[in-house]
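Since the structure comes first, as structure tokens, the remarks are kept for the end.
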Amino acid sequence: MLYLIDEPMAEIGLRTAAGDPDAHVVLIQDGVYLTPDVDAQVSAVARDVSVRGVDLPPDVEPISYDRVVELLVEQEVKSFV
Amino acid sequence: MLYLIDEPMAEIGLRTAAGDPDAHVVLIQDGVYLTPDVDAQVSAVARDVSVRGVDLPPDVEPISYDRVVELLVEQEVKSFV
Amino acid sequence: MAYIGFLLTGGPFDSERWRTAYELGRAALDAGHEVMYFHYLDGALVPVADQSFPDCSDSGLYDEMPTAKFQELVADGAEVICCGLCVDARGIDADADYPDGVEVGLLPDLADILGEADRVVSL
Amino acid sequence: MAYIGFLLTGGPFDSERWRTAYELGRAALDAGHEVMYFHYLDGALVPVADQSFPDCSDSGLYDEMPTAKFQELVADGAEVICCGLCVDARGIDADADYPDGVEVGLLPDLADILGEADRVVSL
Amino acid sequence: MKRDVVVMLTRAPYGRVHVPEGLRAARGVAAGFDLHDVTVVFTQDGVYGAREAVDRDALNMTGHVADLVEQDGTMVADAAAMAARDVDEADIADDVAVWPGDRVAARIRDADHTLDF
Amino acid sequence: MKRDVVVMLTRAPYGRVHVPEGLRAARGVAAGFDLHDVTVVFTQDGVYGAREAVDRDALNMTGHVADLVEQDGTMVADAAAMAARDVDEADIADDVAVWPGDRVAARIRDADHTLDF
């Protein structure tokens, strides 16, 4: 399952993703400032990262909106934005 | 000095009030959910308290908007709302 | 008598700041003070006329709509100036959308309020 | 082809959610998917016509105004429905203020989107 | 198609329309053609709105809650969010069930669609 | 009357207009008839907007900052808010001074008026 996570809903969003062994977390909007401590694949929307000048940790992959749409068609999505 | 404090600006607001020996903190809007740890007189806007059903600690006095206006005319005011 | 200026940046439905601005202005007018509002950012949406909400509670926040509350204040002597850039950004047609007494201004009006007001409350 | 529904509750200047809704809808249309928006709460302010901001940067968020972005989506096949109660609450005159292709609906439209869409993204 | 829908109320209830208007959306969705199953979850600062002490009339909640219940919708408060805000189970209104945080998270994961306000 | 004005920028800079429009207000106030003294304070999540890495053009900040500096306005970042967000002094743009949290608080207390965005 894909989890779109921004800061205001990170509390419930990250807690929900943490219970899913197949979680793929996508940080979006101000969510790219987060450094989530989850045992899951973590990506971040590239445009939101670059405009904020955020340095992503090496294990967080920047992805395009096109890729987000591909991912959310391939699997279910829960939005916390 | 009067300090009007709501939750979103409580971080800078309470820190600013803490350095003022004559501070009078007025909790307003969602600020009435706060339990500030400051060495100052603390009041809370009565309407904001009652509609939220918040039980104020005994040392926090509920006050009316009329009283807030009296206080902010008597002394300088800084708003963190 | 004191001159109390308000900067209102909060919109009508997303925060309580317009309501607090109204209540403090109401109390200030009742106490004989001079009251001036500068509506900036989404604050420019607060006085837009013809707001209506069918099932609002008489006891609730929306017993009257934000524009009605500010029209009361204007009738009782408060001045209300909305930032023209913010008005244009939001597609508000000031002539058609604002009630009488709500003026459109610019930042020099805010600068004047800061220079002249005894107290300024930013909401 | 998938059917992707968006619930947009964020307004045009107070959060980035309208922009994210645009970008995801843009990408979905480009990939051949069906795209439907339900604008609720301040989301109803997003498509209001005649938004203008004089000195916005070509490279910035406001290279085009929110309404222009959503008019592009409509032209490319997205459907946009705004909640009528939210429209009325904000003093929006739908006939005069919304561009062609932006419809006014009610919550049963949102219920239908939930029933029919393969994916729903709430923003 | 009938769906299993979770509506998350995440914001403090007063001064903004998100709690009452989120409830309006929840009951509207529950009453639609497909009669979706709707669970309303009070989480994050939304748990303040699940308290007994809140004046539901003043928040325009009463009618929406009655309609939601009539459509067999349910209301749940997130105990993990309550604990973070020092809200006790005894503070929660009788018509709102208190669920542990992991049960809330599982419910959200299992939903067909979620909406948030 | 010429006043000593502090403008607080408290929100993360992207996706909402508060940082650029707060700067517009700051320079507008500094350029008014009274030529108020204006100090812009980046605090709370606003400190993200004081970072060198931010694209000021994309945030419509550039022109407002130039006008503010021309009016002798100053820009300050709150080190206490930076520390809470793991933002280092080296990350802050050259035209923004970094002040300790207590100096920022004292500056706010001493202002004739404050505005916040």
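When the chains are written out, they are named A, B, C, D, E and F in that same order, and each has its own residue count from 1.
Rule of thumb we're sticking to: a contact is a pair of C-beta atoms (placed from the backbone, for glycine too) under 8 Å apart; a residue touches a chain by one contact, two chains touch by 3 or more.
In this text the structure is predicted, and so the values were computed from the model without any measurement.
Path length between chain B and chain E in the touching-chain graph (shortest route): 1.
Set against one another, A-F and B-F show the most C-beta pairs in contact at B-F.
With each centre defined as the average position of its C-alpha atoms, the distance from chain E to chain F rounds to 39 Å.
Between chain B and chain C, the centres computed from C-alpha atoms are 22 Å apart.
Look at where the CA atoms of chain D average out and do the same for chain F: the two points lie 32 Å apart. Counting partner chains per residue, chain D has residues 13-14, 16-17, 41, 85, 120, 122 touching two or more of them. Shared interface positions of chain B, i.e. residues touching 2 or more other chains, are given as 29-30, 48, 79, 81. Multi-chain contact residues of chain E (touching two or more other chains) are listed as 14-15, 17, 55, 58-59, 114, 116.
A complete list of chain pairs in contact reads A-D, A-E, A-F, B-C, B-E, B-F, C-D, C-E, C-F, D-E, D-F.
The part of chain C that touches chain F in the complex is made up of residues 7, 9, 40-41, 85-86, 106-108, 110-112, 114-117, 120, 122. Listed in rising order, the residues of chain E touching chain C in the complex are 14-17, 55, 57-60, 62-63.
If you check the complex, the residues on chain C that touch chain D are 11-14, 41-42, 45, 48-54, 65, 67, 85, 88-91, 93, 97. Remark: chain E residues 12-15, 45, 48, 51-55, 58-59, 85 touch chain B in the complex. Within the complex, the chain F residues that touch chain C are 1-3, 5, 17-18, 21, 24-25, 28-29, 31-34, 36, 112-117.
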